[in-house]
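In structure tokens below, several structures.
Consider the two complexes below, in which chain A is the common component and chain B and chain C are the respective partners.
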Partner chain A sequence: MNKDREILVALAGNPNSGKTSLFNKLVGANQKVGNWSGVTVEKYEGATSHKGFKIKVIDLPGTYSLTTYSPEEVVARNFLVDEKPDVVVNVIDATNLERNLYLTTQLIDIQANLIVALNMYDEVEDQKIIIDHNQLERLFGAHMIPTSTTKNSGIQSVLDHIVDLYTGAIDVKRNKLNFSAHLEYYIEKMVEIFLTDKELSAKYLPRWLAIKLLVNDKAVYDLVRDRSVWTNVNKVLSEAVYKTGNEFNTDTELMLKEERHAFIRGAIKETVRRSNNRKKSTTDLIDSILINRITGLPIFALFMWLIFQLTFSLGEAPMLWIESAFNHLSIYMSSVLPDGMTKSIIVDGIIAGVGGVVVFLPNIMILFLALAFLEGTGYMARAAFVIDKVMHKFGLHGKSFIPMITGFGCSVPAFMATRTLKNESDRITTLLIIPFMSCGAKFPVYVLIAGTFFEQSMAGNVLFGIYLFGVIIALISAKLLKSTFFKGESEPFVMELPPYRMPSVKTLLFQMWHKAAIYLRKAGTIILFAAVLIWFASNFPRSVDIEKYYEDQRLMLELNSEYDNNKRNELKEKLRVKELAEQIEYSIVGRLGHLIEPLVSPLGLDWRLGISLVTGIAAKEIVVSTMGTIYSLGDIDENSAALRERLLANPDYNQAVALSFMVFVLLYIPCFAASIVFHREAGKWKWTFFYIFYTVAVAWLMSFIVYRISLFLLM
Partner chain B sequence: MISRLTYCEEGFSVVIKDLNAGIGALQNLNNLGLNIGDTIKLLENSRQEGPLSVEFNSREIRIGRELAGKILIETESPVIVTLDQVKVGDIVEVTKMNSAGDIRYRLLDMGLVRGVKLKVIRFAPLGDPIEVKINEFMLSLRLEEARSIEVKILEFGLNGYRSKKRWWTKG
Partner chain C sequence: MKTAADLRFGERGIIHSIDQLHPSARRIIEYGFTPGQVIILAHQTLFSDPLAFIIRGTTIAIRRSEAKSILVE
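Take a look at the complex of A and B:
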């Protein structure tokens, strides 16, 4: 296809304006999700063809404005200003023109080839609001097209307009927003100076630069302050600031924004008629139940409980299917492949490693379906509204709550759920405390250890105590991080509570699938590599002596005629397991266990527990099975009586050691898959290193304290 | 116009006009030694939390913030308060923005400019944040942030308050 016939279109609009639904309607399933470079903001792009043109659509993140307040705004603005898309479709919620048109005025400032989609027009008609679009078109200088994604109307018209605007079949409407004479005087003066800088004015609209300087836009200031024209521009700017303060008793930013709002208010007064007898809206009605003073909290708790239950209980069955599918695959591969290294690497390395990652897929899909539903209906903002006071006490945002409770199930989806937090410091803080919310995979470890070292009546309390301890550490950490690293960087809680709406099933499924796809892509690459690495570390180097010794033993067994076949097989299995135990002690992992013994011995842990902790970095499920291997018990689970006996028989182990070990498992790095996801969500290596250091340091310190105190109390 | 005791400036003398509450609150007021029709002088009003202190018959009386919010008084000057002090149902007009930095950007972009009218919809179940209706949409913000916004009260949301006569009061 001819490159000239590709039209680059950007969708811009407020959050909750139905932008994503319109995007789905425009491009259908032909879309992909990625990341905007450098920031953890998702980038949706898709393509469609219309009248022989290929139309490439970029769905910009939803923003209320084009300042540089949040990463979303920076991304949207840079794309619009730097990439200069051929057509910009501004999607606005037509039931709420006052706020939505604010962004439109800023799109006018950058002289975008603008089409305005008056979205949710069916609701406008339902509410008997009459909008005079012709007049609105004249005032804003943009084509206005009524659309409705639920009624599927106006979509074709938007496509027609895109093509016609591109080919010049219809005129690009332009209008500039005129400010008061006072401001215009300074804007024009600055424009004149900017025009003398050919390079700058070719790249950026001088008028836009001038307006942005008047509202103290830091990014624009950084753009122009090194130019030679800056001295002259600055003179005009200073005069504007001084005169505005002196004559109008206000500042330029306030004045400009007030005029912008005044323009919108005037335009609406002129073009919109609302019917007078408005009855209580459905949203008001639902809100009076869902977030009222008495029922608000219990309903919130119920919803959170439901999400958790759905994610982890409903997810359990498919998880088991995936597990057994991978089991079958590894059994099949074992039977097909010849014995040796290749078999081991495929079965124990790759299949086990990737299986351990794919197994989280049902959780991720259910959780993100539920979250997309809450977000789509509008309850998510209410959830943050209800719980914000508690979270704010610890320096967190109301929206941190959902990722935190998800952490009780699994850190992987919990990390991914932090995307709802727009402010970087809030998001990083939440990411860093999620590992302390004890995840489901750690549970078997507690069951084994608490069940072994504590009486049945106490074990439950110990278990509960461990979970509670994790929450307390998480909250203290949040407070600590917020008062050191992120001092004063809390996101202000200024949030729209959007009207309740029923999201379309298609949109929900798309969002769920995107999350799953992102996760699977990771599983296929880095995690596969890591799985092989971990396999290597626990299998190499191999001791030839040990191998030879057991080879001889097996040979002797074969030659020994005392045993019948059954007995022989039983002894063979014992030998295999014993060999495994000795080989793992000889391997890199085993050596690491010995190497870190001096580090963990102050916590009362020996090299055996040390090895378990090392393998636990791969996945917490492995902790128990590693113990089984070390104690030469073969494949066992947490209820194995044999392992319990062996643990109790060790004179170095006692309740204090048990507590110390559990606390360490609770607090240190979650599994490898989670760490990869952490890195993806945090976006910077600095945070990944800090996360490793911080969780391990906290785990060590707390284990030490718990060990010493319990030694003192229990002995 | 009618105003609330909590909105009052320190140092002013005002007459208790009525109570926007049930008989229980009236009894509480009587227990403090006050009644409808009394003239009191406001000594202390922290504007945010804690009880208010008033002078009546050269005696200092402390009134809890909850009760004081229900005491209606007559005032001539327009009532200017910060947005964290308003009550559910009040309709107010923004007169000044004292916030700075990111929050200022965000509030201005959301349309919280001078002259805009807000209706107080509700407080969160735990008392913070607050939800207001602005230009046809619902906005929530923390009291901490609302504190930097000055508003003029246009209409009091006197829930259920209709007549000055109560059937249970004598006369």
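Take a look at the complex of A and C:
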């Protein structure tokens, strides 16, 4: 297929306009998801063929306008202005023309080859609204096609129009939006000047540049201020600003925006007939309960609790299956591979490492299915509405709540859930405080330590205290970050509460699978590499002396005829575990433990606990098993009585040390998998470094304070 | 003059003007809060903040502090 048989189409439209459903109808399953370069905004693209043309469709992020308030707007606008797609399909919610046509007026400004899909037309008919689309077409200068994704109507017509518009079979309708004579005078003056700059005016529409300058658009200002025409343009602009202030007592930005709204209102008055008796809609009815003043908050809490419960209780069974599948795999591999390095690297390194990551997959799938459902139905915006006041007290946004509570389960999906936050400073702040919400993998550590050093009756309180401490640190951190790094950058809370809609199962499953795929891809690449790296660090260098010593011991055991076979095997196992303990102390990880001992000793921790913290960077589950290895106990879990005895027997350990250690585990960097996801979501190395530094620094400082205070109080 | 934040639950008002010195003024206008427009206070939370208004056929939630920049008559 040759190049000019390919048509590049962009879908533009407001959030909740049914744009994504239309996209799915247009391209079917033939789509892929990526990221727009530089920002964490998802890029959906797909392709279809129609009348012998290949139609490549880009689904732009949903926006209300083409300014530069959010990354979504920047992405959509840059694509439209720089890539100049062959056809732009503006998807609008036809039940709400007044709001949706605002974006349309801006698409007219950039003179796109425009088709407007009057989407959800079935609902228009249900509500007995009559739209004169011929007249609307004339006013806006764009083809208007009624569509409905639920009724599957109008889709073919959209495809026909795309091809016909591209081939010239039908005319491109063009109409410029005329502003008041006052503004037009200055726009035309600027256009004249811009036209003398051939290079600039070939790339950007002079009229668009002029309009954008009048609304104080920073990006356009940056584009033109270094051109030689700028001095003249600036003269006109200054005059426009001055005259508008003087004669109309307003500014050009406000005036332009109001004129846009006025144009739309006029157009609607002319073309839309509504039946007068607008009955209370289903949405109003549902909202009167879900965001009611009294019941709103309890219902919100119930939903959150349900999601949390579903994610972790429903996820438990498949987690066990995955775990046992990996167990079987490692047993099988152990039996077929010859003893030695290769076997160890595959079984202890790769299978254990990747298995430890894949095991979270059920949680991720369930959580994101639930979140996609809340988002798809329209409840998500209400959730943010209900809880915003509480979050705002700490400088956060209502939408920060869901990622935070997810953090109690696992940081990985929590980091991924921050995507619903559109403002960068809100998102980064939320990302940075999620590690303090104690994740599920840290739980065994608390059970072991609290259960060992505190009375049965106290252990529960200690556990609760640890969780609470994490939440407090998270909220204080948010407040701190918001009043230092992100001062004054808070996003205004202006949010549409869209009508409730039932999302399609296909869309929900697709979104769930998309999140799962991102996660699995990481497990297969970077995490695989890290698993091997950590395996290497805890196995190398090996001491030949230690090896030889235990070799001799084993030989002596074989030759000793005092023991029967059972006893001999038991002693052999003891030797193996002891050797493991000595080798790990000799390895890079062990040396690191010794190396950091001076750093952790002010916290009351020795090198053994230090090593546990180091390996805990890989995964918090490893903290307990590392202790088992160091105390020569072999594979143990948090309920091991033997490990508890050993810990209690150590004269250096006491309740203060126990608290200090737990606080450190609570607050320092989450596991490696989570850190990779953090970097992906934060997008800049700067933030990843800060995240490592901040979590470790806070952990150290808090451990130190807790240790010193409890030494004073308890001892 | 009364602001949108002073409307009672279910009460309607007509926007007189937007305080242009408010940092979120541009954003609010973008969402359709322009002079002459009818707004109805449709929902409020336990804390009476944020507030949700019906405007131009949609429900838009804004914080109380932003609602204070909208003068109504």
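The rule is simple: the second predicted complex is superposed on the first by the 715 of 715 C-alpha atoms of A that agree within 3 Å, B and C clash if a C-alpha of one lies under 4 Å from a C-alpha of the other, contacts with A are read in each partner's own complex, and residues count from 1 in each chain.
Basically, a contact is a pair of C-beta atoms (placed from the backbone, for glycine too) under 8 Å apart; a residue touches a chain by one contact, two chains touch by 3 or more.
Only a predicted model underlies this, so the values are computations on that prediction, with no experimental measurement involved.
Asker: On chain A, do chain B and chain C fit together or clash when superposed?
Answerer: clash
Asker: Please indicate which partner A:Leu297 is in contact with in the superposed arrangement: first for chain B, second for chain C, both, or neither.
Answerer: A:Leu297 contacts both chain B and chain C.
Asker: Which of the two partners, first being chain B and second being chain C, lies in contact with A:Leu497: first, second, both, or neither?
Answerer: So A:Leu497 meets both chain B and chain C here.
Asker: State whether A:Asp251 touches chain B only (first), chain C only (second), both chains, or neither.
Answerer: Touch status of A:Asp251: second partner only.
Asker: Of the partners chain B and chain C, which touch A:Leu223 in the superposed model: first, second, both, neither?
Answerer: In the superposed model, A:Leu223 contacts neither chain B nor chain C.
Asker: For the superposed three-chain model, which listed region of chain B (23-31, 41-49, 59-67 or 131-139) is the one that clashes with chain C?
Answerer: Between chain B and chain C, the clashing stretch is 131-139.
Asker: Common interface residues of chain A with chain B and chain C?
Answerer: The answer is residues 64-65, 67, 69, 95-96, 98-99, 102, 253-254, 257-258, 261, 287, 291-294, 296-297, 381, 385-386, 388-390, 392, 492-498 of chain A.
Asker: Which of the residues in chain C end up touching chain A in this complex?
Answerer: Those in contact with chain A are residues 9, 18, 20, 23-24, 26-32, 34-35, 42-47, 49-50, 52, 56-63, 66.
Asker: How about chain A: which of its residues touch chain B in the complex?
Answerer: Listed in rising order, the residues are 64-65, 67, 69, 95-99, 102, 253-254, 257-258, 261, 283, 287, 291-294, 296-297, 381, 385-390, 392, 492-499.
Asker: If you look only at chain B, which of its residues touch chain A in the complex?
Answerer: Those in contact with chain A are residues 97, 102-103, 105-111, 113-116, 122-129, 131, 135-142, 145.
Asker: Show me the residue ranges of chain A that touch chain C in the complex, using the header's touch definition.
Answerer: 64-65, 67, 69, 95-96, 98-99, 102, 250-251, 253-254, 257-258, 261, 284, 287, 291-294, 296-297, 381, 385-386, 388-390, 392, 398, 492-498
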